[in-house]
Structure formats: C-alpha cells, structure tokens
C-alpha cells in the first residue's frame, strides 16, 4: 500500500518544484491543519518572499478599501480553492471541485456543504414591534472580553494549500504565511475579538516557536492551537503557549485521522479520558477540546475538566461524511446543561454571516469560530481585510438582533429560530 | 468598527463617480428601501437625465408592444440585478449573485428564494366539472375598489440600485427614477389597481414632497409608504400623504434593522405598541403595518388599530434568514380571525403569476403586493409595461379561477390548495 | 385589459411574417391544444409545403434508421422547444425556458416537471428469482385490442408551436402538420396501439373534417378528441368522429381555462354533470373525459356514464401549479373502485419510458398516454419514428416486467413499487 | 417491433465501421454486462491493438505516478462516458448524459444517482476520545483472506462501451480489453483483495476460456462471473471457472431483463429456487447470487445454499427505476440474520470512498464491490492505477475507522451512522 505515500510525495515534489526551498525557510509560517496530507514542512513557503517577485495578477487591487475588493483579491490568488461565490459576502458553498486538489480544502463529499445548509434551514423570526435599538454584543469568554461572540477559525498553511504561494499580496509584494497569520491575529485583536495561531502536523518545534512570537505581540488577545500530538510534545508546546500569554489554548482532537500513519515528529493520536485529564492537569490556562460531535464525548471533556469545547467536524475535511455541526449542537448543549456543566460551548463550520452567529447562539452556543470568510479576508486584505470582515459580521449581528428583538447575545431565546426545509 | 462605514462610503463614491451630482438633483426620485446601505441621497440619479445621453444598449426595443419585449428591455439595463429567468413571465428565482452588489437586491441567503419556493410547493386542484365561466375578481380594500386583488410592491431607487442609471429607457431617452415611479403608479391606476410611492431612509423631505406630487395626480388611486422614522418625522410626512389624497398609507416596520446606526435625518427604529397607537391616533387615513411575520405582532397591530397589515419579510432583503411569507400567513390569519379582527390581510414576497395570487387568497389573504414583476415592467416599458403586467396577472388569475372552480376572489375555498414537496 | 390580446396578436403577426399565408391553407393540419394562446388559425402551416423550400438544417438526418437520430432531427427543427435532454430516450425534464415562448409548451412553473418527478420518486423492486420470461402486454381498451397499454398523447399544432414550420422533414421536404399527424396516427396503428387526432380551439369545422379523413384511413385504429366547445358544436363534431369509425372519443375538459374569453367559434367552457350526461346520451361510442384530477370529478364522470377518464393536468400547461398526475391517480382509482365502477382509467403526464408505464399500471391505471416522446418521434421521423418509439417503450416495458416478476399487464401487483424520496 | 433490433444493429455497424474486424479478434476480451444491447461480439475490440496505432490524445500522461493523473487519463479516452467529476477521487455522480449513448452506462433515470445519494445521506459520527490508532481491516471471505473488505465491481467491455477502443493506453500503446481486465485482476490481487473476470451475454465460449486463462494466472486471487444463461451453458462455464482455481463464482441474476429476446447462444433467463439449487448442487465452489434486492429473494438464495449474495441493482443500469442498494440492504440483512443464516452479504452500487465502505459495513455488509472507481483506475493506469485506487480506499477506510472509533471491520457498530436528509 505504498501508492498513497507515493502520491503524497509526488504532491510534495510538485509543490517544491515551484521554487520553494526548504532549507531557506526562515520566517513565520503556519502549516496546514489537514489530517490528510501535510507532509510539506512548515516554514517552507514564506521563504519565497525573499527570493522571488510575485506573479502579476490581472485586476488585483492593491490596498483594497472595501470588503468586496478584498474578497476579489483572495479569489485571484487562490488557484486551488473554489471559493465558489465571490459576490462580496465571503460565502463559500463548498460545491467546487477543490476537495481533491487541496488536502481537505472545501471538505470532502457533502460534509462541508452540510454545515452551510444546516444554517440555511434555520430561519429567524422577523420581529420589529418592540423597543430594542441598541442590542449588546459583548461577552466574556474564559476571562477574555470580546466585542462580539466571534473568533477566527483555526486555519493555516494557506499560501501553499490554497495555491497562494508566490502570488501577489495586498501590499504589492509576495503573499506569505506570515502576512496571512498576522492578518488573522492582528485583525481579530483590533476588532476586539480573538484570532487563532494554528499548529501543523508537520511543523517542527522551531516553526511553532516563531508563530508564538507573533501571539506574544498581542498578549492576551491571541490564542493558540496544538495538534493532538504525543502527550510529551503537547506539554512542550503548551509551555511555550503559556509563556507568550495566550489566555487559553485548543487541541483539535478531530485531527487524529492520520494516527495509523504515525511518523517521527508527526504523530497524532486520539485522546481518551485519561489523556485529556493529564493535559488539563498540566495546563495553567483553560484547555479547549475542538472537534467534539457527540454528547458522550462532550461529557467526557467536561469530566476531564476542559474549559470549553468546540463543536466541530473540522470543516467537513477529515471524514468524508459527518453530520452538520448545527445538527448535533443542541443535543450536546442539552447533555452538558442537564448535568450542570456551565462551560462555554463554541461551534464552527459554515458560519457565513451575522445571522448565522445569532442562530448558533439561539441553539445554545456562547460563541462561534468563523473560518473561510476570515481566511479569505486575510489573504486578500491582511489585517485591514480581517477588520472589515469582523465589522461586517458585527454589523449584521446587530441588525439581526434588532430585527428579531434580541437585546443581548448572552440571552438569546431559542424560539427566534424556525426550522424550514 | 469603522470599516463597514468606509465600505459604504466607498460604494457611494463609486456611485457618484459615475457622473451623478448631488447638487443638480432636481426631479422626481425614489430612494432605496434597503435597510443595509442607503446612504446615497435621494434625488441624485434623476439629474443624470438632464446632463448625459443614455448609453446605447444592443437589442433594446423602443416602445415595446408585448410584455416579453418589456422584460427583455428591463434585463438589458439592470446591470447589477440578476433577474435570472427572463423568458417572459417576470419570474425571478433570486439565485443570481445580485445579493451583495446591490443593497439587499435579490435578498440575502435563501430568504428570497424561499418566498418563491413556498408558492411552488402549493398545487392548485384542477377542477372543471362545474359551471363557473366568468369568475369575479373585484374587491374593495379600505374603501378603494380594485379590479383585481393586486397592488404593486413598495419599491424605489431602481435606477441606481439596479444599475439602470444613465441607461436607455423605452422612450429612447435616459431612464430616470421618475419614469420608473410613474410607470408603477400610473400603470397600476390605469389597470384599476393601486401602486405605491416609496420612501427612502436617506430621502430629505423635499424629495418626499416631489414624490407626493405624483401621487396627487392620481388622487385616490395611488398610495404612499413612510419609513419607520422618528414619530415626529412620520407625522410630518403623514400630513403630506393625507394632503395629496392617498386613501391609506403604510410604514414598513421591517426596515428597522439600521436602528443601531442612527444618523441625523436618517434614523429608523422599531415601533412598539405604544408608538403604533400614537400613529393610528394621529392618522386620518388607515395605517397599514408592513413587515409583520408573527401572530403575536399581528395581534399587536390589530390592538393598536391598524387598518391592515402586510405579511412581509421585505423580500428577504433585510435579514439573512427569514421564513417564507406564505409559511407564516396561515397562522397570522388564524390568530386575527380567532379573535374576531376583520381587518384585511395583505401579503408580499415571491408572487410571480396569477396562480400565486389565487394561492395567497386561498391561504386567507385579501390581496397581494407584486414587487419584482412590476419593477421590471416599469423599468422596461413604463406605464404601458406595467399595464401589460397587470393584464397578464389578471388573465392568469381568471383562468386559474375557472380551472379550480372559484367563482369570486372574496370567497376562496382553502381546499383548492394541495401541498406538494 | 387589452394588452394580453395585443401580445397574442403580436405573437401571431410574428408567426405570419415567417411566410405563412392563411388564405393558402389547404391541407391537413392540427391546431394547438393549448388553452392559452391559440388564435392561430388551423390549416395555416401546412400551406407552407406548397410554396417554400424548407430551410436546410445542419446535421439533419434524412430517413433516420435509429431512434437516436430521429430525436436529434426533432431537436434540430424545434426552435422554440427546449427538449432538454436529447441523449436518445425521448426524455424532457421540462426545465428549459420554453414555458413562455410557446403557449404552454413545457408547462408552466413546476407542474410539468412535477409529473416527471412523480415517476422518478417511484422505484421498482428488482426481482429475478422466478420463471417469468415472456410477460404478456396485450390489453383490450373499450373494445379495441392493443399490443401494449400505450396510446399517444393528444397533441397538435406542432409545426408552429414548436417552431418547426418551414423546417426540414425526414423525407427531405418541408415539415407539415399533416406529416406530423400522420406519423402519430399511422405509427401508432402500425404498432398495434392507438394514436389521437387532436382538435384545436381555433380550428374551423373544415379543418376538423380534413383531420377526420385521416382517422378514417385507419378505421378502428385511430381515435379523436374534441375541445370542450358548446354542446351544439361538440355534437356536430361528434357526428363526424362517429362517421369515420373512431372506436371512442375524448373531450379535454381541462381546456376550459379560456372560458372567460369566449369568442365566436372559439368558445370553450367547463362541463357540469348535466352537460356530461347530455354528451354521453348523444354519443354512440364511448366518451372519455380527459383532465380529471380529483376523486369527486372522477365520480361525476362515472355517474354521467363516461366510458373512461384520463387523469391529466394537460401536461401542466393550463394551470401554473397542479399536482402530479401520479400523485392523484391512487385516490381516484380508489374512489371509483370502492364504488364499484369498472371503467378503465388512463393517465398521462411525464411518462418517459417503459418502466413508467409499469408504474402507472401498478398504481391502478389500465393504460397510459405518451405525449412528448411520441411528438418528437413524429417530428423527427414520421411514421417510422413513431414506430421506433413505440418499439422502445414496448421493449422496456417487457424488460421491466421480467425484472420485477410481472406476468401480465392486466394484473400488476402494487407492491412492486417502492416510494423513494 | 423490429425497430429496436434495427437500432442495435445500427449501433453495431457504427462500432464496426471504426475499424474493428470481428474476424481478426484473437486476444483477450471482455464483453459488456449490460442486459440491454450487447450484440457486439466479444473478442472484437482487442484486435485493434494488432492493426492500428492509437490516436494521440492531448495531455495524456504516460506511466502516471499519482491517482489523479490516472483518472485524468481515463477521462481522456472515455468518449462516451460522462464520468462527471474527475477532480481526483474517482467519483461519478451519474448525472451525465451517458445513459443513452452507451448501453446502460451511467445507469438509467435516477437509479444510479440514487445509489450514490444513499451513501451521501448517511453521516458518520466523528469520535476521537478513545484509544484506537491502528484499526484492523482484514477479513476472510468464503475462505479467501483479504487485506480490506473490498472487491472490484464486475465490469467488462470497457474499451468499446466507454469509447476507449483504439485509444491511447498508459503504456503509450493502444488500449485493449486485455489491458483493462489485467489491470483489474492483477491490481486487486497485488493489493491483497479480489478482482472479477466478467462474462458477457454475447461472448462465445472461446472468449470466456481466454479470459479464464488470465484468472488462472492469479490462482485463488481472482474470481469469475457467469451470466444467467441456460443451465447447461452455466455448467459448461462453471467447469472452466473451477479448473482455473477461482475460489468462488457469481451469477448476476439481475441480467435477466433480455429474457424475452432469447437468441441462440445469447439466452439469459430468471432463475427460480429450483434452478438456483441445481447450480449450487453442481458447483464445487461457493456460488454468489448477484442482483438481490428483496428480503424474499435473499431468503430463497439462502435456502438454495448460495455461499453469499451481492445486494445489487446492476449499477442502476438494467431497470429504469430501482431503490438504492443501501436502502434495501438493512432489511435483507435483518431477514437473513433473523432466520440464522450466516452467509456473508456483499453490496455494490455507488461506493466512492473509504467512508462509504465503512457505512456499508455499519449497515451489515461484510464487504463491498467497487465498480466505476476501479474501472477508471484500470483504464487510465492499468495494474498500477488499480493498486493506487485500492490504496486510496484502504487509507480512507483506516482513517474513517480512527475517526469513528471502530477497531475492526468485522465488528462495526451500526450506531456510528446518522441519517441526514
């Protein structure tokens, strides 16, 4: 069964032949979160910036001033990503043929689309006979005050996974992983929200450290994720995360699919209750378990002492068929609340506008993670692009609250949602 | 969170850079009803007519004689509106990518499409073993006799929102807001029905007055809408509406989404029961509350003394996900009738042919508002275009009544409808 | 409300301007069955053959030898009909934009598509552990022996409604209504089945007589339809039908939609129980009421003494939204059989292959009418084309019976059908 | 009713006119399994290799190294097959217009698509809080050890049915049936799984013998199918199958649709319980009945002593409408297990990735047959292509097991599946 490995190596070779030199990797980079195919070494792509001029792209807009132009930019340099609808709102229906050319990008089969469709099946009751004009959107999440209940998705490896390597960036120079990640983290911080620094299965510790240096710049306003590595490796990275002042951290346990193909330094594994407890005990900051899709596992996380969970199917990318996150969220909320657990519950997958945020809250989440819309905003506009995207989500959330008569995001009546098929 | 405002200003700048001068605005204009982005000042677009020759459009038909040609014309000058199916029947499936380039045009996400699909799920029982050959379609609505239970939708700002500014009109000269509005109002009046003059959030009072001058020409055969402004501003405009002889007026309370972004002269707000009552008390003509989507709010409108309501989700344009209007209509009808309220109940959203009109009546409405089909008829054929569109709806309604055995629109048996999925 | 009439006249003018002279009309023709727009006078199109050479059509196949080529031919000369899938099986999904350019062709809104989808929702249980190798397909219908339970649909006006006027026919000369109708009638008779001669609302009596002369050639193997005209006109035409030896006749009561627009010589009307009885009493041959969609009306037909009914929504063409015929068939069968009526029950709408025929029988029909597949076969291949199409349906029906273990079309177990969504 | 035969002959003539000489047929070939139209004589196509140089194909990749290139190759030479999605994963949604140009290829109507959609409706519960890192995928099937519970589909006639005759093969020379079949059989054997040699209705005995010579090369690692011919013919071929060391054999009873058109040497027939028993009694190796879709027939197979069944609707190709195989599998499993039958149950139709394999096991199957993905792998890459495809399925299966917490394919908890609509 060596053909698969051959294929992966071939993919890597093709990638390298595009002028990327591992040896020269010296700047900030994030590796992909995909559990499928990340043999590319982190730190690779950003080196391009130092050696090559970016390809000129027809119609690319330097220093874009409006979100629409940011998203147009992103589309122009995302060769391998069919972000299908670029009409201005950061939507992606996941129906493009991207699923196979990029590891897991766009999701496999219908899982990614299902996340989005789950939100579309939910209607909001339009109600305007009331007095709510200035709804409140602030929350406190594990000790951090947020202007809106919105975090970025946990995404990385965008320049090479999305085909953006050696392409033009909004500043007229080459797009790099560093620009991408800075856009996410600084853009979120400037918006009063939180952005994630991502870990990649193939990332060496050095790469992770460079990434944490950026987190360190936004002490308390940036958070970090660690792959479900061996316990020892997790602890090693957790030490660093804590040092740079991240208020909490996450492990995406849904990245364990590669467990059967363990390689030195690239091993991921499922985490049972015992290991979850070990991590909680080791950590000085709250531990968020990301990738929880069943009430049973949510209860184990609570029992282990996790600070929070993210109901997530990894954007539908790791398993060919999973339920939509919004379809399992209610049963998970019920299981935890019925047993008295008060931990915040997060959800990601398919959140595409401020109305979706309100729906997630109505179903019992305390906050959401927004992946692809933020990803595209950073690729096409950097820090400023991400700020515009956060602003759009915030404006839509406020407007949706006025139009449904919701005064405070911390108290959303489930009955504002009607299910439509 | 200034990025959103930046974007809106940018949109406006782009709009202005196309040769539109605010200062020169001097003729009739309607501003958009969208709650999202209408910072463009009313009165702007029509000025174009005085300064520029319209762009020639290939295949544009001057003085079109049949409805199909009217609709082809409309499509040709609606740059930014994907009126997807122009095959002659005024249909629009809302699936184009218009949602983001024009504020709210085409609706957001699935709400607009859902309105249309709700009608498509409803089948009419074909019945021809009877004696009904000449069914009656006349109704009396709040004192006004109508030849058919059909009003136009409340629409404005079409030349700039739909990209029709500086484009060719059916008379061989430039399309203007005035031509558009006159088409709607005069076309409806000539058809024995009623057309709406629309208010826009950004419209100064002067603009509103000019518009009312047109209503005044069709005294008793044209009606007017006011945005949910501050009470004082509403009363000011209501005085004018009453002066020009409108038999009733509407406030679209579903336009309150911008409440959190109040600006001087552009403030809209939700209206609670107390404020609704104040308006009813102030008004000398019946007040129609438009944008009611729940039985609870319908009952509040009835309690406040409203003359009628329009079950409406603002064409799916103000909130990213709302139920279809036809999905909530039956419960609203039931709530009102169960408590003995006899007010007429109107509905809009997705009415695309005469069969749809009959379906709305079967579900308990007394009349419908038809938006996009009338909009396109006026843009592509003016008064005559709107007359042709009304004629088509009337002919189809009559034929549908014969084929279902319905003798009178005032007495439609709900059992003629079968739900199909 | 003269705009609609204007439009129709305009359509007609365009039609006439393509070189058709009413005065010269002298040969066999059928007028359209559409209730919407048939002001074109019958007898018009066939005159073209005498005066013009047909336009050459690229890739048109003279004297086609296989069904696929017949259908390709049909598509090539059907300008205005989007017979969407021409891949060889006579399928049409009704999703083309034909609905508005041709009166009722392709159906309106979703009714036509719904007919087809109703068949697609039904699955057949594949069963091959049995001994049935030579299933029987013969039936006797109102005294006529048929080799398969299949009749043609009742269709006419094809050369002008489908844009085939002045186009190339399979014999290398001009396509005419006569060739079309002869293909249907002779092709069906040669296949041991029955073809319909159609009446058109605008057809003068002379036209009807010429048509009946063709029926007369196939005495006992061709049947005729009459529009729901005034009783006097029906009786007049019925006399002729009986003279030429048609074994039975049909009136399509679902054509009554134009009742409100009665014109001299073109009046259609609904038929109540009393009028149905008058027709039955006047007729010497069985009367089939076509266009029955409710159990109530089916029972009235039975009470009136009709020989049979056709469950039909006129191909979804006369009313914008009707249920699928296969959705109402079971309740109609039940109502009639529960009360002891033994009349054969026919169904049409969306029958696209031999498997569909078997499904209709499983739901209680005794035979089906096949419209568009036969229509295209005649347009593209005449008599021979229709024979090929009947052969295809017969072969598929036999194969479907072997694969479901059905020995005789007169005894089909309903349990061979499974509903799938 | 000779038109159908004419059409088939015409198809054959066209086929022959492309330079194929029956007389010269001398090498290995497989004929199609389609019950519809296989009058083409086996042994035909492979002769091309000896006489013609293959047509050059733009972008064809010689000796492809990754699966994506293999599939691109396949698409390039499959003129008549709309393998709709070639984005790298061997998917086919069956929605192309191939249904009619190739006998049964792509299935008819919706049956083929339904197979695929049935898998897509099933979601897998993502679960990673456990300790399963190295799940077991080995099974023993009727005495044969398999590395994964995966066999190839039973497919043949690919070079002419898919339009690949006289086209380029991965080795730079002409594609032949032999290369195709060797790819399937050797590729499967090299992957530790099993590949099928197919019988064709029109194949003379000599052709079958040549095919069995290939099976003989992989003694014990290749299996063979026989059409539901007359009992005598089956026994004759079974003798050969047993001689070459096939560990078991199958008869696809769902190929009986042509029974009514029996021809000398090409007769197929349904098989009742008595005949099934005769075959079981005659055979020295286990007999698998393929094409079972009802619990009743599954029980008859068990009673007859069959070694196994394949729940199959022949890829949706033989009957225009059949249920999805995954929709009937659970009731068949239940019927057999409730009565104590322990035979392995196989399923085919629409298996497109490793997640689908796991779903089939969760519903009670012991193994699956994978058709089109293997077919395309062999056409585009031969033995190596099929190995890559098996490797992909295996990797995905393992990853899916880790992510759902399944330790062993022989014990899959049905509760890992959630139904989503």
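A, B, C and D label the chains in the order they appear, each numbered from 1.
The working rule: contacts are C-beta pairs under 8 Å (C-beta built on N, C-alpha and C of every residue); 3 or more make two chains touch, one makes a residue touch a chain.
Note that the structure is a prediction, hence the values are computed from the model and not measured.
Taking shared numbers over all numbers used, the chain A to chain B interface scores under half, which places it in the different class.
Note: centroid distance chain A to chain C, computed from Cα atoms, is 58 Å.
Chain C and chain D have CA centres that are 41 Å apart. For chain D, the set of residues that touch two or more other chains is empty.
Taken pairwise by the contact criterion, the protein chains form one closed cycle in which every chain touches exactly two others. By the touch criterion stated above, chain B contacts chain C in their complex at residues 65-68, 85, 87-89, 119-120, 122-135, 191, 352-356, 359, 384, 387-388, 390-392, 394-396, 398-400, 402-405, 418, 420. Interface residues of chain C facing chain B in the complex, by the touch rule stated above, are 1-4, 6-7, 10-11, 35-36, 97-101, 108-111, 114, 228, 253-254, 256-262, 269-273, 276, 291-294, 296-297, 300-301, 313-314, 318-324, 327.
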